[in-house]
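Chain IDs A, B, C, D, E and F follow the sequence of writing; residue 1 opens each chain.
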Amino acid sequence: MEALVAIAIGTLTAAGVYLMLRLRTFPVILGLTFLSYAVNVFIFISGRLAVGLPPIIDKAATGYADPLPQALVLTAIVISFGMTAVIVIMALAAYLGSGDDRVDMGDAE
Amino acid sequence: MTLAISLALNFAIACFAAGLLLNLWRLYTAPTVPDRVLVLDTMSVNAVALVVLSGTQSGSAMNFEAALLIALTGFVSTVAFCKYLLRGSIIE
Amino acid sequence: MSLALIAVLPFLGALLPGFAIRWGRSACAGMAGLVTAIALVGVLQHAPAVLAGQVVQARLDWVPALGLNANFMLDGLGLIFALLILGIGLLIILYARFYLDEADPMGRFFTCLLLFQGAMLGIVLSDNILLLLIFWELTSLSSFLLIGFWHHLPQGRQGARMALTVTGAGGLAMIAGMLLLGQIAGSYDLSVILEAGATVRSSPLYLPALILILLGCFTKSAQFPFHFWLPHAMAAPTPVSAYLHSATMVKAGIFLLARLWPVLAGSPEWFAIVTTTGLVTMLLGAAIALFKDDMKALLAYSTVSHLGLITMLLGIGTKAAAVAAVVHILCHATFKAALFLSAGIVEHATHTRDLRRLGGLARLMPLTFALAGLAALSMAGLPPLNGFLSKELMLAAAAQTVWAGQPWLLGLLATLAAMLSAAYAFRFVVHGFLGPVRKDYPHAPHDPGAGLLLAPLVLVALVVGIGLVPTGLFGALVDAAAGRVTGGQVDSDLALWHGVASPALWMSLAAVGGGIAVLGAYPALQKVWAATARPDAKRGFDAGIRALAALARRSTDSLHDGTLSRSVGVALLAIVGGGIYAFTGGGHAPGARSLTPVEATPLIGWAALMVATAGAVWQHRSRFAALLLVSIVGLMVALGFAYFSAPDLALTQITVEVVTLILMLLALNFLPRTTPSESPVSRRVRDALIAGVTGLGAGALAYALMIRDFAFPTISAFHLAQSYPGAGGTNAVNTIIVDFRGYDTYGEITVLGIAALVIFALADSILRNPHATARLRANRAATPRAGGWHPQLMGVVTRALLPMAMMVGVFIYLRGHNLPGGGFVAGLVFAIALLMQHMASGFQWAQGRMPVDYHALIGAGVLIASLCGAAAWAFGLPFLTSGYDYFAVWPLEPIGLATAAIFDLGVFLSVLGAVMLTLASISRMSVRAGEPADDAAFDNAEGGR
Amino acid sequence: MIRRLLPHPGLTLFLILLWLLLANRPSLGSLVMAVILGVALPLVTARWWPERAAIRDWPALIAYVGLALWDIVIANIQVARIILFVPAADVRSAWIAVPLDLTAPEAISLLSATITLTPGTITADMSACGRVLLIHALHAPDPDAVRDEIKQRYEARLQRIFA
Amino acid sequence: MTHWIIVPVVLPAMLGALILLFAKSLAWQRAWSLAGTFALWGLACALLAFATLNGPEVYRLGNWPAPFGIVLMLDRLSGLMVWITATLALIAQIYAVASGWDARGKHFHSLWQFQLMGLCGAFLTGDAFNLFVFFEVLLIASYGLMVHGGGSVRTRAGVQYVAVNLLGSTLFLFALATVYAVTGTLNMADLAVKLTSLPAGDAGLMRAACVLLMLVFAIKGALVPVQFWLPGTYAAAPGVVAALFAVMTKVGAYAVLRFGTLVFPASSPVTGGLVGDLLLPAALATLIIGAVGVLGASTLPRMVAFAAIASMGTLFTAIAGFTPASTAAALYYALHATFATAAMFLIADLVATHRGRLTLTGGGPGMAGILAALFLAAAIGMAGMPPLSGFIGKLLVLQALRDQAGLVWPVVLITSLITMVGFGRAGSSLFWKTEGPGIRPAPWTLAPPLLLLALLAALTAFAGPVTDWTMATAAYLHDPAAYIAANTLYEVPQ
Amino acid sequence: MILLQLLGIVFLIIGGVFGLLGSYGMIKLTGPMQRLHAPSKASTVGVAAVLIGAFFIGAAGGSIGWHNLLITLFLLITAPVSALFLSKAHLFATVDRSTLPATGTAADWATLADPETD
């Protein structure tokens, strides 16, 4: 499974990066969503893969998955939701303010 | 008997997993936009089945809430997608 | 008076004129004069000791770590300069009081002047080269303000900027040079460095240090090729020009050459660079001065020339030459100041400085003529004036110097320069004051009042007095100064007459004679001059700066043009490149962990994830389709978490997913539905390459990590071991979240709360923007919509589903500590339930029945979490220390209650509040877009319409 | 007083049952919690359900649910047959308008849900006035028969259940 | 263990929530917020004094032993950064109130308090993942402050700012996960200890993680090549927010310094001189880009933004030395750069307000003399000219890096010149090439920039004691034994 | 005991078949509305059956999964709403309106009615 998960992380990352390099706000936001999937899975695997070993203390359990990365991913998921929400509304504000949903600014002016 | 149960479980799992594969195919070939929403809805229903079946197979109830929430959110997603298609504004 | 106080006095005093201007112009000038006079008295107090050969010192530690200390010293060299700075400063203040116009802001003028004076005084009093550097840079800054004083004139602004740029650049070179010098000498204190000449000159760093320091000196003292800024500095008011050109600013470079003479001079490099630079400057300045028609320009170039002369003398490196330099510093200051002040008087009287439009002023302004004439003759080097004294010494020194391998060449060239000098001095007098009286003056010019005449009068008195009685006070001063320069006892032999055997006498005669001849041939020479092509330094400089600025603008704007893909793309390349570079620099052993076998069902999930991901990228321009595919990705990730023993993650992922989806759909309603195809194939290929490389990196890293074991036992072993006995919960993930790492969660809910606030504030600003609301309405009008607002079936089902979902939320909250769940997921479930109600009944109907304000929920959540954490203080325990116990209430079975549950309640509330505030803020926009309010829970409801 | 405490007694009972299902382990504690939530949650959500559902005949409702469940099981087999053995081209789909005699939203909704859950038919829409349902039948060579069956088998019963 | 260590985090957090809950009128919001910031400042002074007198002090959140729980670490460095934050926040907040910026949108004061919470939390934490969390707290508050008042240019710049920082956060998580996956720990002191005995086969991965972490911090600190976000963001942000952001870039610098001395020191067998070797050229490039930008910028806020980049370049140059002397220089320069940049942003805001336009071309309305004087002083500060502390800071940096003089000195000095020329050109068009009489700004809006400039003057006047302090701090940082010992690390149970 | 297990096995197999049929029907059926039939009931019923089967198996094994019934309930309650919305989406976007029967009242079908009123 390790190779499959690694390929999934790589694919999610690549998808996120490609979309982040687009010119409109919406695909950029989608790209960020993909990156956050990728990184959440990445943090998760830092505790290595375990099947059928949830970190719920139980006398019958034969072992536990590493709970710490799971807790970290929880934090990361929550935070990335907040961040996504903020960038979405900013994109909205930028679009409604100017009628244009490009991400690039033309800063020089 | 346990063998029969195990076989039945595996059969059911295989059915829903195959269903998931068919969903993927439909997703790829979906003729209309609402069809895609339907695919998503079906996938979440199939996912509920898979989660419960795997839980039954391993004798663990750990993922019961996950199944419950997939059922709940699958419904909400479907409604949201459809409302968007129908009205644009999903909370109007 | 302590030297430190003297040095600081002008700076403190600089505040006064600004206040004193309320009491009138005289009070203002008087205040400036008073400060200067007090400082002058302070310096004079130390004069006897200094003349007796002592070095007065004042030491104050400032930044010992840097070697920068507020150490001051006053010796002969410093004394001469201090007297010039303060003495001439006093005269300038007097003159300026009467020179400046009613409209000129006098307070600002004197403030700047005093700042400048203080900076100059600081340079000559510093006994620490870093301290000196500070004052050095301050002269650049304050002269910038003085030159640009009349900033309504473009010449003023340009001249100021040019002076700042050139002297500033030199100053920065000087910084490097001084740091090197200090490094060689082992101290930044001048008194130490002055003793370390031999060490310095033998150091390998000597040459770079020398060049850097000389760059500083030459720019400041307007030496070729940096001479061009000085004439443009005359855009300043005439008193400023007089001050800058005579006693200060340009003399700072000369001062430093003299100051460091014992350390730096005496090497072939020094001789070659300094002498040659001085010589070229002297000749060039003199030649240009001759052909300038503007009186001030003529004087400005003459300053360039005379500074070259002094530089040359310091470069020669002999004692005699050094003495001559010191003498000329003094003499030049007096006659040049007098000349500038006279030029100012002439301009005041005639409203012109153009020598071609002047003439015959001798009869109209006899007093001015007398003063200007004497000063000019001194500049021409005629006896018995002081200019003659120093010129003789100069010519003598030049005659004795071998330059470019020729014993006679330097003497010849010096004589040539002296001749040109005489010529332009004569021209100043003859073309300005002699000849027939012109009739075209706007007003009849006449001598000014005593206020303007007094200052030049005092200066001319010095010109004459020193010339006539060179020894005495003046001689002692020169000896003291020259002694410090040459590092030994000096007994200068200052006299007008050295006998016919002196070659200088004949050279001098030749110069004066030649000068007269040149003036006679002036019309012819002028034609030749006019016909010769000369580089225009100012135009070149301006063009250079403009080109530089344009280049800067182009590179800056093209690099920082607000293109997101550039900043992202470059960052990614740096990430991947940096990561690979670092990785390959260290050892790597592949992991030895046994791998997890592949199973069929997860494989299908994996395939779904990959297909949906690829599809989302492929279809991203159709935004709705992309969102759908993203939902599938989210579902598969959640299933993956469930499969790989992370039920809590699965729950969180599932719930966050749907909330995100609602958010995106709400937003997409106001955004374009599709993304136009606008990037060329090449760009897409490039982006795909970047994406591929990044993905490859991430995947490879993930793989490398997954297949290896931890290098050390992981800290989560403690969490697992202590989850139940220590934190009172069997769900280790939850105990980490609410207890072991509850502080992370504390930050995390704050993030969510802040996010909601930000969103609310932004939505508010959108709704207050008329353009935005107009766009909202137009967008609503343009969107094709189906009929049927809130289907009845949905409305009815929601009535049952809402409490059901809430019950699930309560369930998930309550058991989170022991089994998958917790406050966060519970909050999301509640939010989803409420959002469902919003979708069923519409924003206004559902929101109108909401019993609580979301802001309050967020605030309460964060407060509860904070207070729960802070409650531990009451028990002397750190923030967020949790306690738990089992409580039994008959007939129920005992339940475990942890204070962490209260913390989790804070999490629940803030999550609920944040999600609802976020989505409500966006939903609110549709109201502004023109949506009417629904007055019933759903369509065709009982009692509804 | 009771009305105010229990705005929707049916819902309360339903929620108590739900909690017991959720808790998955019968115990006195669970029951206490179930009652607390069963009372509290309808109170909280009553603001979004201002009216009271008027169910006249509870036993009939339970019987109706049983009937619907049975129909769901049986009719599923028909759909399986259509999907598996009827060639796609031979599937006779039809739109059917079902005028309603029911007026209570709860009743109409229950009918709509039953129609959808029993295989072969889907409630696709409602008229804007709320008096007619639009049904889509997967394979209905005789649409009128489908309509009549819906009205007789389900709507008639529902009319008895709801006031 | 003193509970006061956590208060810089909890106080603003609770205040932010209380303002949200109870302070409905702007006047009350201002009163609460100013009082809170003032209290924070007082506390910061006390904590700095405490850290100076007592050495590093640990605070174990939840009473869990390190490295299992999260710890806060108060030491000279974190104390200094908290003090800088509180000082700047207090002054800038006065400006926000005086200029009315806080009334131009919703929730300014709550966001401000949360911003302070995030900053203090990031400086005080001794846990790598918790650093991420507080990065996010400070970032999300900064997003809100950055787009405060709205407007399409500001929000579009906001989109970019958020997007780049989200990329940064993602990278941060990748790096942290790698660190954890290799070492099994998140406590910074524990990491420092474990890296000294890391198996050779793990070194490559750890080095990669190190570079990724440093890049995260580089993004915050606007280091080349990840500086692109700064000009647009700072130029578009409200002036007072840009002023507060002067401390945001320092978060990046702080983190580089902390990790570069504690976890990845040059003596580390894993990373060796990796951090310094990569940082120095990047820092010099930053300096160049910043200075060129000052000369080339077409608007005043952009010019100041580039000056901020240049100052970060100087700061990172000093940090890159990773010697006690260079670190001491960096600390001094950080103090200077924060206040100077903030002052410049406030003054630029005043100037832009009075001019009614942002471009640097001449011909604008007259400017009050006091504004010109303030601008001059701030420009002197930014260009590192005497008599303000920038000059001393620059001398300290040059002297500390004399071993690399051939590379560092020319860049530092020439960029100083370019900056000076840039400010000279701008100043002469803004204040000299004007028409009409100047309008005097409201006195209360002048007080904050004056206070900041007074801080620069004080930093100059008391450069001796300050540099003594920074030298002692640098010596402490380069010998992390005290920091590690304060954590009292426990072994993982078997 | 055996009975419970047998019931469980039967339900599992029925559920599996219906689940698969739901997804298969979605591919096989041609009209958009036809495709909707398959999953909205077959899948729902399939899952319900599987859940009930799991409940029986659990009950036989001594760990009764009452909550599986809860999920079943959830699905049964929500499926009609999902189907309604999907139908409406089809009515709005893909269905030929001329094939629809008349409502028999003054009002049109809600989806086709004027979006502004009601």
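Criterion: contacts are C-beta pairs under 8 Å (C-beta built on N, C-alpha and C of every residue); 3 or more make two chains touch, one makes a residue touch a chain.
None of the values given here were measured: they were computed from a predicted structure.
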Q: Using mean Cα positions as chain centres, tell me which chain lies farthest from subunit B.
A: C
Q | By mean Cα position, the chain sitting nearest the middle | A | E
Q | Centroid distance [mean C-alpha coordinates] between subunit B and subunit A, Å | A | 22
Q: Would you mind pulling out the distance in Å between where the CA atoms of subunit B average out and where those of subunit F do?
A: 11
Q: Between subunit C and subunit F, tell me the centre distance in angstrom, where each centre is the average of that chain's C-alpha atoms.
A: 69
Q. Multi-chain contacts in subunit E: which residues touch at least two other chains?
A. 129, 133, 136, 140, 143-144, 147, 150-152, 155, 157, 159-160, 163, 167, 174, 177-178, 180-181, 186, 231-232, 298
Q: Indicate the residues of subunit F shared as contacts by at least two other chains.
A: 17, 24, 36, 40, 44, 65, 67, 70, 74, 77-78, 80-81, 84-85, 88, 90-92, 108-111, 113, 115, 118
Q) What parts of subunit A, by residue number, touch at least two of the other chains? A) 20, 25, 28, 38, 40, 42, 45-48, 52, 54, 56, 68-69, 72, 75, 79, 82-83, 86, 90-91, 93, 96-98, 103, 105, 107-108
Q. Which chains touch which?
A. A-B, A-C, A-E, B-C, B-F, C-D, C-E, C-F, D-F
(Q) So in the complex, the part of subunit F that touches subunit D is made up of which residues? (A) 17-18, 21, 24-25, 28-31, 33-34, 36-38, 40-42, 44-45, 64-67, 69-70, 73, 76-77, 79-80, 83-84, 87-88, 90-91, 99-111, 113, 118
Q. Which residues of subunit C touch subunit B in the complex?
A. 600-601, 604-605, 607-608, 611-612, 615, 624-625, 627-629, 631-632, 635, 638-639, 642-643, 647, 650-651, 654-655, 657-658, 661-662, 665-666, 668-669, 780, 783, 785-786, 788-789, 794, 805, 808, 812, 819-821, 825, 829, 832, 835-836, 838-839, 842-843, 919, 923, 926, 929, 931
Q | subunit D contact footprint on subunit C (complex, rising order) | A | 787-788, 791-793, 795-800, 802-804, 806-808, 810-811, 837, 841, 846, 849, 851, 891-893, 895, 937-943
Q.
Which stretch or stretches of subunit D touch subunit C in the complex?
A. 11, 14-15, 18-19, 22-23, 27-29, 32, 37, 41-42, 44-45, 47-51, 103-106, 108-109, 112-113, 123, 125-126, 128-130
(Q) Touching residues of subunit B toward subunit F in the complex: what are they? (A) 1, 4-5, 8-9, 11-16, 18-20, 22-23, 25-26, 29, 31-35, 37-39, 41-42, 45-46, 48-49, 52-53, 55-56, 59, 61, 64, 67-68, 71-72, 75, 78-79, 82-83, 85-87
